[in-house]
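All remarks here apply to the structure that follows.
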Amino acid sequence: MINHKMPLAEFMAQRADVLAQWETGKEVDLEEALAYQKAIAPQKRFSARLMKAKAEGETLIQPRAGVALPEEHLKLLKTLQDEGTADLLPTTIDSYTRHNRYAEAKVGIDESIKTGKSLLNGFPAVNHGVAVCRRIVENLQVPLQVRHGTPDARLLAEITMAGGFTSFEGGGISYNIPYAKNHSLERTITDWQYVDRLIGYYQDHGITINREPFGPLTGTLVPPCISHSVAILESLLAAQQGVTCITVGYGQCGNLIQDIAAIRTLEKLMHEYLHRYGFDKVQVTTVFHQWMGGFPQDEAKAYGVIAWGAATAVLAGATKVIVKSPHEAYGVPTAAANANGLKTTKQLTMMLKDQVAIEHTLIQAEMAIIDRETRSILEAVLTLGQNDFGISVVRGFEAGLIDVPFAPALCNANKALPARDHHGAVRFLDFGNLPFDEDLKAFHRAKLEERAKAERREVSFQMVIDDIYAVSKGHLVGRPR
Amino acid sequence: MEKTTVVIGVIGADVHAVGNRIIDYALTQAGFNVVNLGVMVSQKEFVDAVIETNAKAIFVSSLYGHGELDCRGMGDLLKEAGLEKVLLYAGGNLVVGKTDFEPVEEAFKAMGFDRVYPPGTDINQGIADLKADLAALG
Amino acid sequence: MINHKMPLAEFMAQRADVLAQWETGKEVDLEEALAYQKAIAPQKRFSARLMKAKAEGETLIQPRAGVALPEEHLKLLKTLQDEGTADLLPTTIDSYTRHNRYAEAKVGIDESIKTGKSLLNGFPAVNHGVAVCRRIVENLQVPLQVRHGTPDARLLAEITMAGGFTSFEGGGISYNIPYAKNHSLERTITDWQYVDRLIGYYQDHGITINREPFGPLTGTLVPPCISHSVAILESLLAAQQGVTCITVGYGQCGNLIQDIAAIRTLEKLMHEYLHRYGFDKVQVTTVFHQWMGGFPQDEAKAYGVIAWGAATAVLAGATKVIVKSPHEAYGVPTAAANANGLKTTKQLTMMLKDQVAIEHTLIQAEMAIIDRETRSILEAVLTLGQNDFGISVVRGFEAGLIDVPFAPALCNANKALPARDHHGAVRFLDFGNLPFDEDLKAFHRAKLEERAKAERREVSFQMVIDDIYAVSKGHLVGRPR
Amino acid sequence: MEKTTVVIGVIGADVHAVGNRIIDYALTQAGFNVVNLGVMVSQKEFVDAVIETNAKAIFVSSLYGHGELDCRGMGDLLKEAGLEKVLLYAGGNLVVGKTDFEPVEEAFKAMGFDRVYPPGTDINQGIADLKADLAALG
């Protein structure tokens, strides 16, 4: 980990190793890639599209999607663009590639060809290489982003950026803690500093690539202050390497007041912390993820969850919304099911587009809470690391000052536990080592006591379990039934 | 009486941790001794854990869609280790996409699994089956 | 028309004629019917269920449904109850019955038997008679309501109330203006005074039947003040005949602020006007209708519209919500499609149930507008008729003081024209003869000018047409595109 | 040149008035002389109006699901009146429920309709067809 923009020579030296990790690495020619990126029209660039939407108060819609084979992948994305009216397109990477298991991805590709169905849960971009990526980007009319969950995404970034993608999701924290088990944060932050440096390199040459820390983390009852802290720390790490266009994200919790407050506070705190460290020229946009936890199996109910996420995204004023499909509870959606989720979402973003923003004294109050919580965490973490972002993150997680609920990563404390309050807002049932003052803790306890009293039971882990299942069973709060 | 040991874990490169925590909790509540290998568990780790702990059953979870690729040969591996009597269950979102469950069940049974569960199965169903199967084995 | 509770003898004399209208009339024995109704358990009574929901802040869900043949109809309702989790059930009556064309309904029944599919768009309850109605009510677990659109519903009411239904939709205005062409208001109000008197008779014998004026009227860009005026006038007419449990309705316009303000103002004004005329013991609940205008053909988009209606209903605090299906744009839905609309709705009512009510200064402002508009209409109308409700209504419509947009009835002025403002709220483009003062008119004009300016075109009938199509084409405001 | 007259209306006991108003507006804008019978129009009223106004076409709307029952015999009635050359179109939501459109089209053509339109048809489609058909008739 470093605490400064990586010197060019150092970056170039590391590149050689990165490109050697898989045979397709040699397809990347950085100078040629710059020229290729420069020729991409503004309406196909993520950064330009997002800034336009932000200026016009529009909420863009984007699906997740990826299959093993290029032609099928292109066909899928075309359907989502034309039939689903997606404003932005993804390319979701398969899990083998995410773990740099390119040989296994190869088996998946071969088997997919043989059996005629995609046996991978995403698009193995590294195996396919630069030219294939470009063919995909060129045959579509809207901007494309790489969405994955890769702890070490250096080669993936090299190939897909040379391949013409204009946005890259992830970060050293958000693609480690929820997506890995044994990776150290030192390692993943270092690897992501490389990714951000690569994008900083493009930026230095006049090409803006959008970066998006993965907001929802484990997608399961993550309180806003946790994901906000991660988003801001990752943004600082990215900005330090020269990234100038960042979309910070948040996964819907389901309580309207909390969700609106969360998106607004996220944007406000981003500006404040970027400013504190002198990264004033970074363009900030927001992404709202439709409910990321367990979905109802019934498709009609799933449509309800999707629509509520769409409505909340617009009411919260997010720049874009990531869309789920009615197949969510079962598996990777068909193109048609995916397009259906998009269409439901578009109907709502369009119907809500012209309506006025919602104001509420409770939104103000909730914003104050999230602000205070997030600030508590960030100040404690940044103090511990003496403003060295990487060290702050590593020590912060070690000390449990940031703690992501239900994370698989062993470097996460896994002590903090969330549960919903009586109105469905996500609070803390166990603080672990979160650096909250007594006032803040009393607030959370009172909120859960209010619920416990209404449900005539004790505050306990059973509430957490009930809340995990609640949405999939047709509720928000997991009441005893 | 000693508690029966069950090995649980999420196979392959799969990191879905939430269901795993609930299965741990539910099996423990139901009186089993749970050996939880967590996420990203290889076939070998499952088998080693069974040998080490003398477990009577394995609950394999696979959520992320690569279950079919990841579980291939698992039955054989158990057999090779002389553990054919160990109950082998699989659940989660075993294959990519929303499909009929029957062919999936067949494929997994052919790979040596005793019981195979569709998406979103209530874990108590798995526990009830486990008790029945253990009773049948005597 | 009368302006007092109809004397019993007069009512009984009229009954004889009514029951003679079709052969099934002779099946009705009022004394026996009272005993039958008395035996219906509270959880199967509309009134009790609604008051419980209101007390608990719950929003109940109810579909529309009706097919030609009894067994199929029962099966349909069972599906909606068990699979669709409907809290309340309807029996939607076919259009021939609505026009008292029982002979044609008979042809429809016979043809339906012959062809094996329902050739009627609803359940012909009069033709089927009392015993069949009872069999249906008895085989279901939730309360049942008759929903129709019948200008002269006297025989229908006799048969279905004896048949065990515990709620009856409609009224002399709301089932005339949007549902008929040549009926005079004198006639329909007189006929509905009979219906209300019948229900008053049940009430006098301790049996509460719920009455529901049909809120959405033509379902097409009806401004809240118009439907509110009709709802309140019909409620006064009903209360006068002894009705004590009234659910007033409103069809979603689509702008959240306006919709919330509309439901709240409706309840407030109801209490005020009922009180003014001494009907204080009337129990008032509200029903919110999911979007009643043209629907998108695409089912995924239709789900979006349905979900937004469900969410708004809860946020507005309505006691129940009437649910559309994803087949809406095509035709009468299958049982499965109907259940799907219910499930989407239930997912949202459950997820939003525990959330706090939305407050907004704009909601207050909008409530003030709706209050003023509705009051202007009601005062002008009631003054004109010297507080004789029936005469007030007849003269009010004659003078165009109330004017329902797009109504087929010749007794409606059809001069007022609605259009959406820049934020999607429904305003007046043409006031016709609505008794609005200059301030109020200036408000509407300014609102439409704001939109016209943004769209760089004149305020014109083309806006109305564009707005009629907008939701079905995926928008709220019909912008030039 | 004189304007061509088109009779429009909503048949049977159907009161859906909105589409009817739009059809009126669109046909008028397109240069036709529109005789609008409004809603709840009987077959006889349609035929009488054609005779009275020397109309060249009828646009029958049916939204409420009883279209099949209401339109039966309409072609014969025109023929009996010697008006087989008058173009007879139908549109709206012609039958009860969401079904394949082909059999519906066939049924209506068998009843003497020249053109039959599925739910939600853009009225401009109908107008374009009308112009073409009128031109073909000369």
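As written, the chains take the letters A, B, C and D, and residue 1 is the first residue of each chain.
The definition used in the following text is that a residue touches a chain if its C-beta (ideal position, glycine included) is under 8 Å from a C-beta of that chain, and two chains touch if they have at least 3 such contacts.
As the structure is a computational prediction, the values presented were derived from the model and not from experiment.
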item	value
Whole-Å gap between the CA centroids of chain A and chain D	54
Distance from the mean Cα position of chain D to that of chain B, given in whole angstrom	65
Inter-chain centre distance, chain C versus chain D - centres from mean C-alpha coordinates, in Å	30
Chain contact graph, described as a line, ring, star, complete graph or other shape	line
Interchain contacts (touch definition) - all pairs	A-B, A-C, C-D
Chain C to chain A touching residues, read off their complex	254-257, 296, 298-301, 303-308, 310-311, 339-348, 350-356, 358-362, 422-424, 471, 474-477
Residues of chain D defined as touching chain C within the complex	12-18, 21-22, 25, 38-40, 64-66, 68-69, 93, 95-99, 119-120
Chain B contact footprint on chain A (complex, rising order)	95-96, 98-99, 101, 104, 107-108, 111, 117-121, 149, 178-182, 218, 220, 293-294, 297, 327, 329-334, 337, 406-408, 461, 465, 468, 472
